[in-house]
């Protein structure tokens, strides 16, 4: 049985390609809506914590980005019609880190920040050439085994210091390096 | 001059009735999108604070609600395509409290909570019969003169104790009484 | 091996009775300091969460309180000289819930609220007849087996609705019922 | 008339030099307590915001620090026995920025982070050679005229980019550069 409003992961993944469920969007309609409405997104920065809750490493995916680059990025994705925020978080975390990642989505709905992505990179410094997206950003401890999905080329764990380095920032686009530093600041491990 | 991505208040208010700016939605298209995409909203609980920052009173509008009732409610409204969150907050606060309210939108983009409104009142307890909306909720001190707009029938200031009372809760619908209590809790004045 | 600045649990518990470690306080000196300095405390509201992070139950201890009453209360205690906040949280959670509770102290140091306890119950509504204490309050999911310590007479798990009820509020003193409602609000489950 | 528990600013300032009010500490006793109890502090990062709430500049004092250096630093100070957090914030802001600074202490008691200063610089990266201090950190918009007090040698306003620069970081000690970056991250203006 599924919780109210929680689409099953399989249907959702298919739905992003060829949508048949009533009330959801075809690819064409999504393209059209993207030009006229801000979309709701979630960003999740996966972390490993020690037994006292201290963040000891940060996970970054290597993936093809909306701007055509191959970049490092946190877990990110759209919230579907009828879907709860925490179900969208679970779905995208499972999709990108595999079904055994055991993410611990925070109990509080309050995100640590809100990221506003715009097609114009000048508006907020966060850039998505496809759309205006308003993204709720969370730090999510994962305790299980992570296997990057077929969408992601790689998953790399690094220390907070490495994650905040200029070298890693250069491998990120669209302002995701800044999002990562905001996350590190929130959990008190920004160098 | 206007900040990047900031629509002028006048254009925005017209746009909600007859939309002509390219990239925004006609009334029909908005109806259609509402059935298929979560919309981005903001909720703002206007408060008066003393010189030490303590919340001494809370403002509630009396207005026609999406469910057809006449209810007490905080300031609330949609974020437009291309609009920054804080510009949407300013726009809705000015629209509902008048141009002299002098709202102090918080410096931090982090909302105190995220409210998920669904057409089905059972999903989250927050209900909007028109749409699935994801709303970023803020407490906003106002220091100027507030005059409820023509959309609102009245604006009433009450103490935190009154605002959290059962009597006031009965005058609110869609879970807005709960939103109000979450706001009072965040600023430490929930009785 | 112990992390820097982390006292071992055993030493700490002894230290609260007869302090011999240099730099810590004897019982007499603590009494004296309590009359002249605000003390640093932590409050931890233990919760059970489901696999999506939703709080499904809240744990309350039954214990002898500073005011002499037998009351329901969250986990609470002093931060020692040289001790990190998260180590104080772990120590008090282990002391009150037993060594198998497996608390997940949040990664972020930001508390959901700060509670100011005063000997005068009128100052803030939070009351501790012994002292002025500034307490950082956290919601802490626990995933293991909880066994109330000898200090606590009982540990009871209840739903968020029960925890926020008037009946349970009547069993709490010093403003702890209010702290509990603030915690429920923060995690979005205040009724 | 003064709010309950609020010491008048004048008495408080005198009290830090020669303490006569019953229940407060003499200089000798404070020295002694500093070796045995964590002290409660507040850190306040003063900022200027535009009319939409965006942080446009950050204020840093130039002052003699506990470690003997002349360094840039935010407003910081001790919470006294019987004093509310927000009164301590007001008192230190007035002391360091002058009586016309018009600080807007946040309505919510939740700090954006908690900073743990230790005599040993290795414990947390935040260092105070005099004491173990637990400091609640807030970003505080000021709208009036700021005049650095006699304690401070200078007050300089700089853009968020300048404040986060390596050059400014080199002028700060005890981890205050890191605290400043955490504040900039919280308000979304960390470069």
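Should a chain be cited, it is by its letter among A, B, C and D, assigned in written order, with residues numbered from 1 in that chain.
One rule holds for everything that comes next: a contact is a pair of C-beta atoms (placed from the backbone, for glycine too) under 8 Å apart; a residue touches a chain by one contact, two chains touch by 3 or more.
Given the structure is predicted, the values throughout are model-derived calculations rather than measurements.
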Checklist outcome for this item: The chain pair with the larger count of contacting C-beta pairs, comparing B-D against A-B, is A-B
Next on the checklist: Same residues or different residues where subunit A meets subunit D? The copies count as same if more than half of the interface numbers are shared.
Outcome noted: same
Checklist outcome for this item: Distance in whole angstrom between the CA centres of subunit A and subunit D is 35
Checklist outcome for this item: Separation of the C-alpha centres, subunit B versus subunit D, in whole Å, is 33
Checklist entry - At what distance in angstrom does the C-alpha mean of subunit B lie from that of subunit A? => result 27
Checklist outcome for this item: Going by residue number, subunit C touches two or more other chains at 84, 108-110, 112-113, 186, 188
Checklist outcome for this item: Residue positions on subunit B within touch of subunit C in the complex are 113, 178, 181-182, 185-186, 188, 190-191
Checklist entry - Which of the residues in subunit D come into contact with subunit C in the complex? => result 4-5, 23-25, 29, 33, 35-40, 79-85, 108-114, 116, 118, 120, 122-124, 132, 134, 136
Next on the checklist: Please output the residues of subunit C touching subunit A within their complex, sorted ascending.
Outcome noted: 3, 6, 47, 49, 51-55, 84, 86-87, 90, 104-110, 112, 139, 141, 186-188
